[in-house]
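Presented below are the structures under discussion, each in the form of structure tokens.
In what follows, chain A forms one complex with chain B and a second complex with chain C.
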Partner chain A sequence: MAKHETPLLDQLESGPWPSFVSDLKAQAEKRAKNAEGIEFQIPVDVVDDLLGIVELSYKHGRTHWKHGGIVGVFGYGGGVIGRYCDQPENFPGVEAFHTMRVNQPAGKYYSTDYLKKLCDLWDFRGSGVTNMHGSTGDIILLGTTTKQLEEIFWTLTHDMDQDLGGSGSNLRTPSDCLGQSRCEYACYDTNALVYFLTNEYQDELHRPAFPYKFKFKLDGCPNCCVASIARSDMSFIGTWKDDIRIDQDAVNKYVENDPAYPANAGAYKGSKDWGPFDLEKEVLALCPTKCMKFENKKLFIDNANCTRCMHCINVMPRALKIGKDTGLSILVGAKAPILDGAQMGSLLVPFVEVNPDNDYEAITEIIENIWDWWMEEGKNRERLGELIMRQGFQKLLEVTGIDPMPQHVAYPRTNPYIFWKEDEVPGGWERDVEEYRKHHRR
Partner chain B sequence: MSDLLDNKEEAQKAVVEWLEKKAKTKSKFYIKDFYKIFPDDKPRMIKKVVNKMVEDGILEFWSSGSTTMYGLKGGGIQHSSEGEN
Partner chain C sequence: MAFISTGYNPEKPMENRITDIGPKDHNEFYPPVIAKNKGKWSHHEILEPGVLVHVADSGDEVYTVRVGGARLMSTSLINEICEIADKHCDGYVRFTTRNNVEFMVDSKDKLEPLKNDLASRKFAGGSFKFPIGGTGAGVTNIVHTQGWIHCHTPATDASGTVKAAMDVLFNDFQDMRLPAQLRVSMACCLNMCGAVHCSDIAILGYHRKPPMLDHEYLDKVCEIPLAVAACPTAAIKPAKVQLDSGKEVKSVDVKNERCMYCGNCYTMCPSMPLADTEGDGIVLMAGGKVSNRISDPKFSKVVVAFLPNEMPRWPSMTDAIQRMVEAYAKGANKYERLGDWAERIGWEKFFEVCELDFTHHLIDDFRQQAYMSWRQSTQFKF
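Here is the complex of A and B:
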């Protein structure tokens, strides 16, 4: 028998999709039965009370949660998000219901043993309710009391070699795709770079440093599976400088509809009858820059005009491969609509080498120049993208010491005036009046 | 680094005095507010000093989850109130 009547939540379960309500009910029941004999360190009925307070919020049409206050464990300025309910007499189990952010491993690789340990810890010291994963990428442990925070942190760090993630005005937990560990499209080792950045910027991750949040996300190729271009202040997207590698025999196999060469590696096979593969319609006509042609059984790509959209490679992975001279592009300023509207990232560095041997020097230099500028000039709660909008992309180029190039131009200029700086004008602003008077009378 | 920021005790004293002066009207501050106390120093150096003060128990963080603020330990509203005393 449920502790609280939840008719509004019950209604949510009637849809065709998996429901969080059903999951919570199952968890509430599991805790009540406690077949494993766990010595629960927070109220047994925490999940019952969670269902109860969510039902009440639905009934009232307003939240009964309060946020703010607790930030972390000792020495940390992030990793915990404090949450309290404003009806503790009716729902004592969720009087304090804090969230912990756990730094997910690069590429989100886990062993089942690790996941079991994590779940055991959370059943013991928390509600047992998790979110795998939050938008930032972290493992989210939902619901525990203040007293448990240090205990959980101790077990995570000492028994599981596991750190907390970022929250508040910190660097948020860097997040990446599987990269070269599983994917042939990856242009660099995203897992290695995420691991490096996480270690290199520990201080920024755990101690608030910035005017607001700052996110790194890493994609191994322009398919952008992590959607770093839309979701991070600084996005690292794999790319290549040379030509797409073409296996002409394989291209012809695709054209001949050889069953061993299914379009899109067979990803859409069976969903409907797509008819025979049509290179012209499915690849050439869809190339955004129209830089491809197929003549006399040969495919040509004008690589100088290729924008690395990945479409042709995705459709014919056995025939086309990314180039060999690989690195990454850096885009900056993407964000969700919090203060200002949503923004996509703007290209800052078209190509930079990814060199673990010199500690990714070329990349860290850009990161630190940007941080210095944003920390100095950014207003409170202003994201990097908003600072770029306010002070101009040109200013960003100045602080990072990057020369303007055609790839930076998003659209033709709308301001007819050019304001030269003194060092851009031969002779500067000083002039020799006597020399001038030799040629011009007063 | 300026002499003021370099001298741990003097730097901490300057921060506490500044916060106490403001305490009547405001108890939580953004990291940027501390830059005013050390106008000649780099933000990253100031951040290190202020965060050390949290570690030493002189200051405390307050966070909404998305933004973090700093205040004197125990000062101002704590988590349980919503604008009331």
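Here is the complex of A and C:
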């Protein structure tokens, strides 16, 4: 028998898509039965009360979670988000319902041994409710009491070799696509780089010293499956400098509509029949720079005019491969709308090598130059993108020591209001007006 | 419920403390076929919705079955995922950026038993636990935020709106009939911890009333200068207020007509709550993308200024989403993302074919960049 009636939530149990309500109800029942004899360290009816309070929100159309609460683990400024409900007398099980962010592994691969251990810990010391995963990428452990925080942290670090992720004004937990581990498009090893950067910058991740949050996201190619270009202060997107590799035999298999060579790797094998694959119409005509042609059963790509949009490679992955001279582009300043409107990442570094042998020094140098500037000049709660807007892209180039190039702009400025530096103008700005008046009467 | 200690001593927090060790090394978590062929994959193919094969230069193959899931997940369900992965996948599993779960096997003969097992599992309420799909030219799982499950600033629920939307989009999760992939995202307030602003379709929770002011407590729980500074439109100023008791307290004054309901002040000051039953609801945005494929990444545009919160299934919201998806499925060319299609036919046609009302709210008036979105041409369609 459920502790609270949940007539509104119950309606979300039907329909084909996995129902979080059914899952929570089963979890509540499982805790109540406690067949495994777990010595629950937080209220046994925590999930019942979670369902109850969410039902109340469905009735009221308003949240019943109170604003924050300063809780955490000793020495860290992030990784734990305090949460209390505003109806503790009716829902005592969720009076304190804090979140812990657990730094996910690169590529979000897991062994079941690890996941089971994490579940055991979370059943024992928490609600048993999680997010797999949070928006930033962490494993989110949803709902425990203040006293359990240090205990959970202890078990994570001592028994599971696992640290917390970031929250607050610090480096947020970096995240990546699965990269070369299982994708032929990946131009660098995103898993290795995200692991390196996360470890290299543990202090920045755990101890807030930044003006605001700072996000790294790593995409292996310009398809941008983790949306780094839209949602990270620094986005690392794989790219290449040399030629797309062409297997002409395979190109012709696509042209001949060989069933082993479905267009777009089979992405259109659905209920709609798009007709036979047409190389001219589906690839050449859609190429954004029109740098391809197909003559005498041979595909030519004018690579100097290719912008590596991935379309042709996506359509014919068995025939076209990314180049061999690979690295990544760095774009900076992306963020969601708060406060000054959304910003997309802007290209800062067109190409940088990804070299684990020298600890990625070409990349860390750029990161650290940007942080030095942002920590010095950034206002409280000012994201990097907003600082770039306020002080100018030129300032960003100056602090990173990067030369301006046409790749930095979509098009040159449409106004001539250039802020010339005094030393750029011969003779400087100090002039003698009396000398001027000798030739120009008042 | 006796407290059981790990050995942590609150009197001496630094004793035997381990910190700054970072995440687990992913190399421990790669299935053997992944570890062996990393960086040496030749190509891949989607065999059917939700099922992929990746072929390595070595000739090795890895078959992946992708299933959707609510990102809000109990340990019971995770343990069930582990049970399946132990049974079929040698004890390995992975999650995708969009909250899908991927089960991988290293030969084709292991595929059917895995698929059958996944497809057969249902919750007591009748919904699938592990629906197979989310690949190619279809709808994949919705990335989303916390909503009423756990957040203090939401203007709507996240898990509920996502469940309602995915139920109506379910066929497209298991099909690949669309002109291109269609990414739906959900954020329950405009803090957008889910960063939905570049999605084909974005569901956004939105407040529409300026904050209430809890004068009696405001100065006790908030740093007034921080609350003032938090406002992007400079609508908040310090004020002295006389309470009903006659007592004068320090507080703030909000110029309501300048408020854009972002809730940034509430983040800094709990005495300025915004949530309101009638005020809060849903904004729908459309036409964004993050991929660089064919066209540049682009922001989503607001296409429905407001829909009320209609618990538990948000029918006005799901209707509008369905209309957009159907119009897109019907009208767009192969490979054309929703935003590229809308730009090609013109936004005026988009509203017509999606049967959405165009209201004054959809004309940008926020700061300088607003001007960029007005039509500066005589080229338009009647």
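Basically, the second predicted complex is superposed on the first by the 415 of 442 C-alpha atoms of A that agree within 3 Å, B and C clash if a C-alpha of one lies under 4 Å from a C-alpha of the other, contacts with A are read in each partner's own complex, and residues count from 1 in each chain.
We take it that a contact is a pair of C-beta atoms (placed from the backbone, for glycine too) under 8 Å apart; a residue touches a chain by one contact, two chains touch by 3 or more.
All values reported here derive from a predicted model rather than from experimental measurement.
Enquirer: Could you say whether A:223 touches chain B, chain C, both of them, or neither, answering first, second, both or neither?
Expert: The answer is second: A:223 touches chain C but not chain B.
Enquirer: In the superposed arrangement, does A:409 touch chain B (first), chain C (second), both or neither?
Expert: neither
Enquirer: According to the stated criteria, A:381 is in contact with first (chain B), second (chain C), both, or neither; which is it?
Expert: both
Enquirer: Does the superposition put A:210 against chain B (first), chain C (second), both, or neither?
Expert: First partner only.
Enquirer: Under the stated touch criterion, which partner chain does A:110 make contact with: chain B (first), chain C (second), both, or neither?
Expert: After superposing on A, A:110 lies in contact with chain C but is clear of chain B.
Enquirer: In the superposed arrangement, does A:169 touch chain B (first), chain C (second), both or neither?
Expert: After superposing on A, A:169 lies in contact with chain B but is clear of chain C.
Enquirer: When both complexes are superposed, which of chain B and chain C contacts more residues belonging to chain A?
Expert: Partner with more touched residues of chain A: C.
Enquirer: Answer with first, second, both or neither: which of chain B and chain C does A:19 touch in the superposed model?
Expert: Second partner only, chain C.
Enquirer: Touch test for A:318: chain B only (first), chain C only (second), both, or neither?
Expert: second
Enquirer: Return first, second, both or neither, reflecting whether A:82 touches chain B, chain C, both chains, or no partner chain.
Expert: A:82 sits against chain B, while chain C stays out of touch.
Enquirer: Take the contacts of chain A with chain B and those with chain C, and give the residues found in both.
Expert: The overlap between the chain B and chain C interfaces on chain A comprises residues 66-68, 74-75, 99, 203, 338, 380-381.
Enquirer: Can you list the chain A residues touching chain B in their complex?
Expert: Per the stated touch rule, the residues are 66-72, 74-75, 77-78, 81-82, 84, 86, 99, 167-170, 203, 207-213, 338, 371-372, 375-376, 378-381.
Enquirer: Which stretch or stretches of chain B touch chain A in the complex?
Expert: Where chain B meets chain A, its residues are 30-32, 35, 42-44, 47-48, 51, 54-55, 61-68, 70, 78-80, 82.
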